[in-house]
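Notes follow the structure.
Going by the order they are written in, the chains are A, B, C and D; count residues from 1 in each one.
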Amino acid sequence: MAAIAAPIPERENYLNKEYGIKSWLLTTDHKRIALLYLLSITFFFFIGGFFALLIRLELLTPAGDLVQADTYNKLFTMHGQVMVFFFLIPAVPAVLGNFLVPMMIGARDLAFPRVNLLSWYLYMIGAVIMLYTILTGGADTGWTFYTPLSTQFATNVIGAALSIFVVGFSSILTGLNFIVTVHRMRAPGMTWSRLPLFVWANYATAIIQVLGTPVLAITLMLVALERIFKLGIFDPRLGGDPLLFQHLFWFYSHPAVYIMILPGMGVVSEIVSCFSRKRVFGYKFMALAVIAIAVLGFLVWAHHMFVAGISLYAGMVFSFLSYLVAIPSAIKVFNWTATMYKGSISYSTPMLYAFGFIGLFTMGGLTGLFLAALGLNVHVTDTYFVVAHFHYIMVGGMVIAYLAGIHFWWPKISGRMYPEFWGKLAAMIIFVGFNLTFFPQFVLGYMGMPRRYWQYSPEFQILNVLSTAGATILAVGYLLPMLYLLWSMRYGKIADENPWGAVGLEWMTTSPPTTYNFDETPVVTWEAYDYEHPPLREVPVER
Amino acid sequence: MAHQVVSSKTYVGIWAALICLTVLTAAASRIELGPFNIVLALLIATAKASLVVLIFMGVKYISQKMTVVVLVAGLFWLGVLLVLGFTDYASRTLN
Amino acid sequence: MSDSPHAIATHDPNLQHHFATAEQQQDASVMGMWVFLITEIMFFGGMFFGYMIYRYLHYQAWSEGSQHMDFWWGTINTVVLLCSSLTMAMGVRSAQLGRRKAIVIFLVITILFGLAFLGIKAIEYHHHWVSQEFPGLHWHWEGPNGQEVALFFSFYWAMTGFHALHMIIGVGLVSYIIFQAQKGRYNESYFNPVENVGLYWHFVDLVWIYLYPLLYLISNKHTSG
Amino acid sequence: MFENLPLWPARASTLAGNVDALYIFLLILSGFMCLAIFSMITVFAVRYRRRAGVEAEQIEGSNALEFTWTFIPLGIFLVIFVWGTIVYFQGRTPPQGAAEIYTVAKQWMWKFQHIEGQREINELHVPVGRDVRMIMTSQDVIHSFYVPAFRVKQDVLPGRYTVAWFHATKPGTYHLFCAEYCGTMHSGMVGSVVVMEPAQYEAWLSGGGASGSLAETGQGIFQSLGCSTCHRMDTQGRGPNLTGVFGKPVLLEDGRTVTADENYVRESILNPGAKVVSGFKPIMPTFQGLVSEEQLNALVAYVKSLAQPPAGAAGTPNLKPPTSQTPKTTK
């Protein structure tokens, strides 16, 4: 990371402290591990994106003409598995969370740095197994692994299940580390009510990771046992109940949706506050809301199963609980909006993404109300309506929040500024491309086009063409940041320690930070987001 | 250190209690109580588990209140899985 | 940056750099272990959930299946594990008091109990295998409820299998601790690893405390009327 | 077949209108909410854009506002919940006396068995203006019976029956989709539902080459498998007399009581030891692997026909026929 153009001799930081491959692969520095994760998940993001593009191209015409039916099934399966387990779940927690949580609470590292490294290695082992599975043809179960399809028919199930099992442990260890870190590593004065909302969000996420992931792990193990040994567990031919699998699977996989979105909410809270120069409106409610989402999120899993053959009364209970979890999400949207009121708003790239996030998350959330309504769910579940809904949350919400965060903290991570013009341009392209891709899918869904269809009825074509067109625009939008962020690492303007004038602790240390983040353990005497009396001047920072 | 060293007498006493409860549950399973067999067995198991958690694992003596919260949270979530999952099976009919 | 102002930190070789005090390190480590244990609760919880559902759906068949469990081996194994828990607790206690030799002795006994448990389990497994009670691979059942009894045995193998796997890992961990204790790594102020391995061991014991009645003690034919 | 506007599915069942009404309500509500949020963001972004010399005004928050936007949405959500639940229960509770069609799904086709004896593949003929109850099972993996025009969807599971019902209101040909991913040719597991005027439907029914009703087929299987040697029409059999059993509660050997519905009959054939009728020994052998799903359906239809009033009893299915007086369950 040489910086030839630097006017002053560079201060030692986490990037230039040591060089060489070993200093990276054996590092226990949370910031370096975050970068290892950044590289790995970016790789998988483009793999998953490539699959998505192939899917969209196949759906350009009603006939199945680009790829074979089997190939298509493998494409959407691998797209789901790669994007969910290898990109979305680790995206914000393992990259931004890893980098920032210790800094934001004034700690020198996570509580268990070696466990943190182990977690990345587990991710990589899972990744290697997943790549092997992909190269040997890929699984074709759908990312949901529904039995008995997965235990009797599909191919490559064991590899995919094993890889997700392993990567699940990586996720558990990250969560465990965050929980203990937030509890035990806070700097003096950093009380719970002074924690930035990004930390709250990662803490809530960690709770879900720790409590949910093991259930997925055992479920996949049981699927593997059933497949290998023909041990009857879920297969009705062996006396089992396939709905038991769905209960166990969604017990994790619904909360997993919140693993994916909560950290994104944290990112947006930071950004909206910073670029409005205002304390987040209703801080306490915002913090409570993320915890409420984490807890209530566990109570709603069977809303994925309203037509699966569960009892009517169970359906009623789960529908009701699903509406409860919508409340804290609504609270968050209202509070972000209110934060802008009477602010001093600048339209920097991260803020543009944040605007996009609030809008798209609102739409994703509102369509969730459609799906939680039992009578309507019957018609739209397992159609493109669902596909559109969760892409509004996962892509319109999480990916956009992730990009927002990467831009916001890029000066801190790399010590360089990215080119603002290109940043704004990419944000706009992504916003347009995203909506063009996924909005038509809502309409398709209500018209009745089922998901996971390789060929479809001709009357669905116009909307599918629109969607594919949007996907190509979206692809351009994703490639742009990749290019200019790489460019900026060498040619970008040198960033000072606080280019945005933000107030978090992470902005009170150098950019990039030193190995232990702070020269002196900070003592916190101010509330979070105190833009009225920015605490900057009070903290001694060694020059 | 935040730790209180527990006397060996306590440990041995708890161990004896655990053995007694094991014998008790084994004996109780030989008596016909209808559906209450399993209820009794689970009650005894819970009693044993509580002894292990409180004394052997030291939750009773621990200074960190957080540990208790963590433990209770784990059990709560297990309860959520069991209870909410069971609502489906308990109320299933072929409409 | 190599020397932080927290000078106390640099004196204790057992204190990692990123912690301010030994107490903070100790607290973090214990809390980490408990958080790990609740992930284990949920891991086994998935199987307990399946058990509960099928026991409810196939009440009669599961009683029949349970009749083929060896009541005596099961009970003896429970006692063996409880004994191992006692010696483990005593081992941790010795660590708290800084008695190096006692740690080693108690932990060696713990391992022996653990191995005894695994041995007995192996005898039972062998017996079930020979009697063709392994669903799928090696299965034969006379009687009307074959499929549901097979379900019981699937859960028996899966639950005790994962439990035994945890036992094996536990034996490995305890061996490591013995090795370290022998080298004198632990003293009154630093015994955290011993404590955490102890917690793990007790947890594995806890799982068995529930497996025992659920698998071995439900064989009574329920004939109310 | 499909209306000119390709943005809305055909509306061809009594349920469709109710689902659409809820959908439109939610569309309006969401549209309003989106508009409100988006315009607020826009207005704030423009009105409070950063200007030199103008500082942000710090506002801590407002409990009153927080409670407002907690409880008003809660109220609205409750309305949606109740509305959605009503529509759901309506769509999941088949009316009494509905015509029945047995369905077997397999990779990758739909097989239908009409009570009258007709059998179809990937095409389903139903009359307009009648309640139709689909009794469905799968031969292999999970499928899902989905007719967008009826707003009906129900997963079809292996190993048990699930039920869907509809009341078609408009003649026409509509899509039938499999909505649960079921393997390679999932997207090929499509068919059509042909809704016909009653007269045409009658013509269609009599036109097919059906050899006797489904129940008659079932009776044939019942006899050829030797079921009738134990399940005799009197009280002397080694198995329970099946006359009039269907739809009634059955006391079991272990003291529980179950209702003799389709799933119970099915389970009793495939897995006779699971729920033995009180007073009988578990001696019946399993017929797992010996009867196909279609034959099983015929057997269920036959057992069901034994509980129906004899033909000509003026279509009041709730009336107890005299034949069902014979003791059967508590023997």
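The rule is short, and it goes like this: contacts are C-beta pairs under 8 Å (C-beta built on N, C-alpha and C of every residue); 3 or more make two chains touch, one makes a residue touch a chain.
Computed from a predicted structure; not experimentally measured.
Student: Please tell me whether C-D or A-D has the greater number of C-beta pairs in contact.
Tutor: A-D
Student: Relative to the centroid of every protein C-alpha atom displayed, which chain's own C-alpha centroid is closest?
Tutor: A
Student: Express in whole angstrom the distance between the two chain centres, defined as the mean CA positions of subunit C and subunit D.
Tutor: It comes to 45 Å between the two C-alpha centres.
Student: Compute the distance, rounded to whole Å, between the mean C-alpha positions of subunit B and subunit D.
Tutor: Chain centroid spacing, subunit B to subunit D, equals 42 Å.
Student: Roughly how far is subunit A from subunit D, centre to centre by C-alpha average, rounded to an integer in Å?
Tutor: 37
Student: With centres defined as the mean C-alpha position, give me the subunit B-subunit C separation in Å.
Tutor: 14
Student: Which residues does subunit A have that touch at least 2 chains other than itself?
Tutor: 183, 211, 215, 239, 241, 243, 247, 251, 312
Student: Mind pulling the subunit B residues that touch 2 or more other chains?
Tutor: As it turns out, subunit B has residues touching two or more other chains at 66, 73-74, 77, 81, 85, 89-90, 93, 95.
Student: Using the touch definition from the top, which residues of subunit C touch two or more other chains?
Tutor: Subunit C, residues with two or more chain partners: 27, 31, 35, 38, 42, 45-46, 49, 53, 57-58, 147-148, 222, 224.
Student: Within the complex, which stretch of subunit D touches subunit A?
Tutor: Against subunit A, the touching part of subunit D is residues 2, 6-9, 18-19, 22-23, 26, 29-30, 33-34, 37-38, 40-41, 44-45, 48-51, 54-62, 65-66, 69-70, 73-74, 77-78, 80-81, 83-92, 107, 140-142, 144, 146, 148-149, 151-155, 157-160, 162, 175, 177-188, 190, 271.
Student: Which part of subunit B faces subunit A closely enough to touch in the complex?
Tutor: Subunit B reaches subunit A through residues 66, 73-74, 77, 80-81, 84-85, 87-93, 95.
Student: Tell me, which parts of subunit C touch subunit D in their complex?
Tutor: 58-61, 143-148, 222-225
Student: Going by the contact rule at the top, pick out the subunit A residues touching subunit D in the complex.
Tutor: 64, 69-70, 73, 140, 142, 144, 146, 148-149, 152-154, 236-237, 239, 241-243, 276-279, 281-285, 306-309, 312, 315-316, 319-320, 323, 326-327, 330-331, 333-335, 337-338, 340-347, 355, 358-359, 362-363, 366-367, 369-370, 372-379, 381-383, 443, 446-448, 450-457, 459, 462, 531-532
Student: Any idea which subunit B residues touch subunit C in the complex?
Tutor: 1-3, 5-6, 8, 11-12, 14-15, 18-19, 22, 25-26, 29, 32-35, 37-38, 41-42, 44-45, 48-49, 52-53, 55-57, 62, 64, 66-67, 70-71, 73-75, 77-78, 81-82, 85-86, 89-90
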